[in-house]
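Below, chain A partners chain B and then partners chain C, in two separate complexes.
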Partner chain A sequence: MRDWRRVKERIFLAVTSILAMVAVAPLFHIIASVAIRGGGVLYRAGLDFLTSQPAPPGSSMLGGIGPALLGTLWLALLTSAIGIPLSVLTAVFIVEFKDHPLARLAKVFTSSLLEIPTVLIGMLVFLTIVSMMGHYSLLAGSIALAIVMLPYTVSYVERAMEEVPRTYREAGYSIGMTRSQVVFDVVMGIARRGVAAGVVIGLAKIVSETAPLLFTIGSARSSYPMSMKDVFEPGDAVPLLIFQFAQTPYQNWQDLAWGAALILTVIVLALFAAMKLIVREVHL
Partner chain B sequence: MDIRALLFTPALIVLLLGLLSMGSNGRDSVSLQGEGSSFLYPQIQAWASEFTARNPGIIINYNPTGSGAGQSSFLKGVVDFAGSDPPLSRDVWEESWDRVVQMPVVIGMVAIVYNVPGVDELRLDGEVLALIYLGVIEYWDDERIRALNPGEDLPHERIIAVHRSDSSGTTQVFTLFLHKSAPDVWGEDLVGKSIEWPVDDTGRGIGGKGNQGVLEAVRSNLYSIGYVEYAYAIKNNMKTAAIMNREGEFIKPSMEAAQAAALGALDSIPDSPDGDWSRAFQDIVYAPGSGSYPITSWSFLLFYKSYNDPAKADAVRRFIQWINVEGQAHIVDGYIPVPAQVRQVNLKAVEMIHG
Partner chain C sequence: MDNTGKMPAGDRRLFYSLAPAAVISMGILVVMTVLFIYYSIPAVRVYGAKLITTSTWSPSEYGEPSYGLLIPILGTLISSIIAVVIALPLALSAVFFTEEVLPRSMGSVRSAFASLIEAMTGIPTIVYGLWGLMVLSPFLRDNVYQPLYRYLGFIPLFSCEPVTGSTILTAGILLSIMITPFIYAVVRQSYNQVPRTYKEAILALGATRYEYARILFGMIKPAILAGALIGFGRAAGETVAVALVVGNTFNPPTCILSPSYTVSALIANQFANAPLYPYMVNVLVLGGLILLVLGIISNILGVMYLARVRYVA
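Presenting the complex of A and B:
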């Protein structure tokens, strides 16, 4: 009798671990093939890969992803500038003013944003910002990305703030703190790791997004955005370059896409690792 | 550090960078933004880098979102020029001919690729292709295929017909060819960018996303057949079928064969870039003339006649001039330059554009 229970446990363990391996295998397959194929390209191209422009298709030269990489950095900065205050303050509003009809609306709205295909967010920004400005721009892309970031960061920050026990708030009020002090110094102080994790996961999400950029930034692969003025001009981004180059039949462009994929993977994995570190060190 | 301050740090950095850039003049170059056909994209990018190397100060960018998106962004005024496989339809042209010029800049071909071991030469005509994609012809050794390929050892295997799963100009050209060469077999309702493929109902049809997807599907399925842009066929060393043209000759895709098709369709091209090109797109498919490849298409660039910025108008004029003269020496593998007669018409646009 007892043995049968052990056997059952063994079988169960074996089945679940095999299933778990099956579930993560594709991820490792992707990371491994990107590392191998992209690594070879990066090794051949050297540092030029990070700075030059892509070479013409079908040529023996490779070139690099300089404009796209610079564009992605600008997009990340601008999206943080718009998206971080927007989503953290939205989360604060949702948590602090639970019964306000607007707060309920905001909660429903942000969580349903998750369900909308991000290409539609790009189209929305095209019809409003791009049409109004009369041309594509990194700014329009950042606005689209900030909307994409919103639901992820809001739900993380919201959950982190909800987890702070009521007693801490009460303690804050009891020593005469204002509501703002309680929210930002007490609650956020305790939930700061959750807040930071929400911000980082939002950023990791947006640096690898392609769809919202298709109709907003214009794939401007020949210009380097150097100053704030260029933010109002068309630009490029790494995921967009990968998407568009991988579909062409030209070997050097496909190689560029593999190399760019490795760089993007490293950026995203670094952001996720940062998030894991932040979350692990929780002590109240 | 205070959390309130942290929240706004990126915004503060942006503000600071903005203040820093106040002094600079920004770019002292003109940049032209284009959008449209993804088929044209590699060629335009190649032209852009050559052109900028010779004309420092003019930067050309292009967003490959598809012909339809390109036309609509262009007509909305969001971009400076558009790339489109089909020209403006007659209705749109009638509304906009006084402010738009169109010019074919390259010729494209749709190659029929197949994966049948041992068969190195395959001859097909529009009717047999139509019957394959209708699902009527089931086996490679069908007598209708054998009749076109005497002496070829065709296997008794089921044909897998691969087509595009996404909406595509390639599908439009291919189905237009099927309809024009075999109107009784392939009806007009089956012509378009994305259609309901009858062969799918027999379970022998496969969809692939993009040219690359079709190519992979053909490569990984024995006894399959598919249609892709010529560049994808030659870059991947695929076997291509010889297709019967209007004159009854079996022609494989090649530069000469594409130009012969263009010459066969010359009658229908307008004598000015602001003329109606809508018929030209139909007429180069299954065009008359000896040696012409029948599944051929033009690809167009669209420009405005007038630009707000004189520097932009000048850049556009120089770009048009350059691609129709020197640019013809910088054609990417897989694209076909347009014949000289067409380039003469294109160059008239230079006089029509002003700032």
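Presenting the complex of A and C:
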């Protein structure tokens, strides 16, 4: 009797250990695939990969993802310009006026955005901004991405501000500071690492997002956005290029997709690592 | 209760300068919901219940197009259910492995394993999709689907010949990989909230680790259910990765070895050109509304179940 229980325990431990390994195995396989296939492509294309345009489909040349990479940089920049102030100010409002009904509504509604498939945010921007402007643009894509960023950054900034001990606020008031001075000079100053972490995690989320860009930026695969004026024109982005090139039957475009996947993975993992570093050094 | 009137002047100034940001932020979801309902109404008015009970999808620029979302809706449900069914045992095993199998003295191995799983949420979904399309689906077709069809083809689920690796089952498997870390995070958090004294009491009774696991997972059953629901919501809304591996064909997903469609993949593939066809935008927005409702409901239920995990230590 007792033996059977021990046998069962053994089997159970073996099965759970194997399943736990199965759960993480894809991570290694994905990273290895991207590193090997993408690395090979990057090696073949050289530095041109980062600057030139994709070669014509089916040709033996590779070309590069220059326009898409530049587009992704512009998107990150513009999304930050729209998304960071909006998220930070919303978070400050939610923390500072917690008891006000508007703050409670804002908290519930922004955190719900996290549960919404991001493709719907693309639809929303298509139905509003894109149809108003009459064409796709990097700006429309940035607005969609800013909405994607919002719930992540709001919740991080909120948490960072909540963690600042009350005594710091009281010290601020006691030397005659106004509410906004206390909020922006004292609380934000102390919570700045948390705020930075929130911004970085928001950026990490948005640079890898594809679905919100499907119906917002168009895929202007050969234009290099250079000035603010180009923001109102269609553009391209790295994840969108991967999505579209992966579905083509052309070997050189599939190769470009693998190379682009390597670049994207490196960018995102670097942002996550930066976030971890920022968070680790929070001491209060 | 509005108490802006009672605030000091400085506070009120701060309130009114921040309020616009808060109003914009909360307005997004409100505008989305209202707009989606507004756009869906014409579709419902013209096609009625046929939209979700029929499965013909023949858009045409002239004449009478007909739209039925039955296949994509079934595809979304079936692929998400497959994903949860596969992901749940993986996530639970991973939780048990981190917390109980790895000894307490190996703290750094434990946290390394946990961060590996966490890192899976960081991999861009498009990279999952690319890997799923180029690596996972050819592998599954040759090593899993062909044998399944050959030897178990008499079961209706496996009764169609797997021509491509892009099928509803591939979508489910890829989704299961993607949602495992989310279920893991939800379950692990609850697992760690079980008071130590409970765990010690179980072990003091002489339970084997199998019996221990059964009792502990039984205690956090609501959290497991919550994890499954949250994972389901994620799977149902996932778009680009699924669009790459589901096959994008209007086949009924009753045989899981055939290419099919999901609502999100249908939107991803057809929404950009939808304005060319009468009512197609409206029908696809209705599909979006269904996803919106599915996402919010599964999340609300999940959070409700999570709140049920309470201990008296």
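Throughout what follows, the second predicted complex is superposed on the first by the 260 of 284 C-alpha atoms of A that agree within 3 Å, B and C clash if a C-alpha of one lies under 4 Å from a C-alpha of the other, contacts with A are read in each partner's own complex, and residues count from 1 in each chain.
Keep in mind that, in the parts below, a residue touches a chain if its C-beta (ideal position, glycine included) is under 8 Å from a C-beta of that chain, and two chains touch if they have at least 3 such contacts.
Fair warning: this is a prediction, and the values are worked out from it, not measured in the lab.
Annotation for the three-chain superposition on chain A: chain B and chain C clash. Judged by the touch definition given at the top, the superposed model places A:214 against both chain B and chain C.
Look at A:34: by the touch rule set out above, it reaches chain C but stays clear of chain B. Measured by the number of chain A residues touched, the leading partner among chain B and chain C is C. Once the two complexes are laid over each other on the shared chain, residue contacts for A:57 go to chain B alone; chain C is not touched. Applying the stated contact rule after C-alpha superposition, one finds that A:97 touches chain C and leaves chain B untouched. When the two structures are aligned on the shared chain, A:85 is found in touch with chain B and with chain C. In the superposition on chain A, A:120 makes contact with chain C only, while chain B stays out of contact range.
Contacts of A:268 after superposition: chain C is touched, whereas chain B is not reached. Of the two partner chains, chain C is the only one that A:22 touches; chain B does not reach it. In the superposition on chain A, A:47 makes contact with neither chain B nor chain C. Superposing on chain A, the segment of chain B with clashing C-alpha atoms against chain C, chosen from 163-171, 181-189 or 307-315, turns out to be 163-171. Chain A residues in contact with chain B (one complex) as well as with chain C (other complex) are 85, 89, 126, 214-215, 246-247.
Residues 1-4, 8, 10-11, 13-15, 17-19, 21-26, 28-32, 35-36, 39, 89-94, 96-98, 101, 113, 116-117, 119-120, 122-131, 133-135, 177, 180, 184, 208-211, 213, 233, 236-240, 243-244, 264, 267-268, 271-272, 281, 284-285, 288, 291-292, 295-296, 298-299 of chain C touch chain A in their complex. Note for the complex: chain B touches chain A at residues 2-4, 7-8, 10-11, 13-14, 17-18, 20-21, 24, 26-27, 31, 33, 35, 38, 41-43, 45-46, 48-50, 52, 59-65, 69, 76-79, 210-212, 215, 229, 231-232, 235-236, 332-334.
Of all residues in chain A, those touching chain C in their complex are 5-6, 8-9, 12-13, 15-20, 22-24, 26-27, 29-31, 33-34, 37, 85-87, 89-90, 92-94, 96-97, 99-103, 105-106, 108-110, 112-113, 115-124, 126-128, 147, 150, 154, 178-180, 183, 204, 208, 210-211, 214-215, 239, 242-243, 246-247, 254, 257-258, 261, 264-265, 268-269, 272.
Residues 53-59, 77-78, 80-82, 84-85, 88-89, 126, 130-131, 134-136, 184-185, 188-189, 192, 195, 214-215, 218-223, 227-230, 233-234, 244, 246-251, 253 of chain A touch chain B in their complex.
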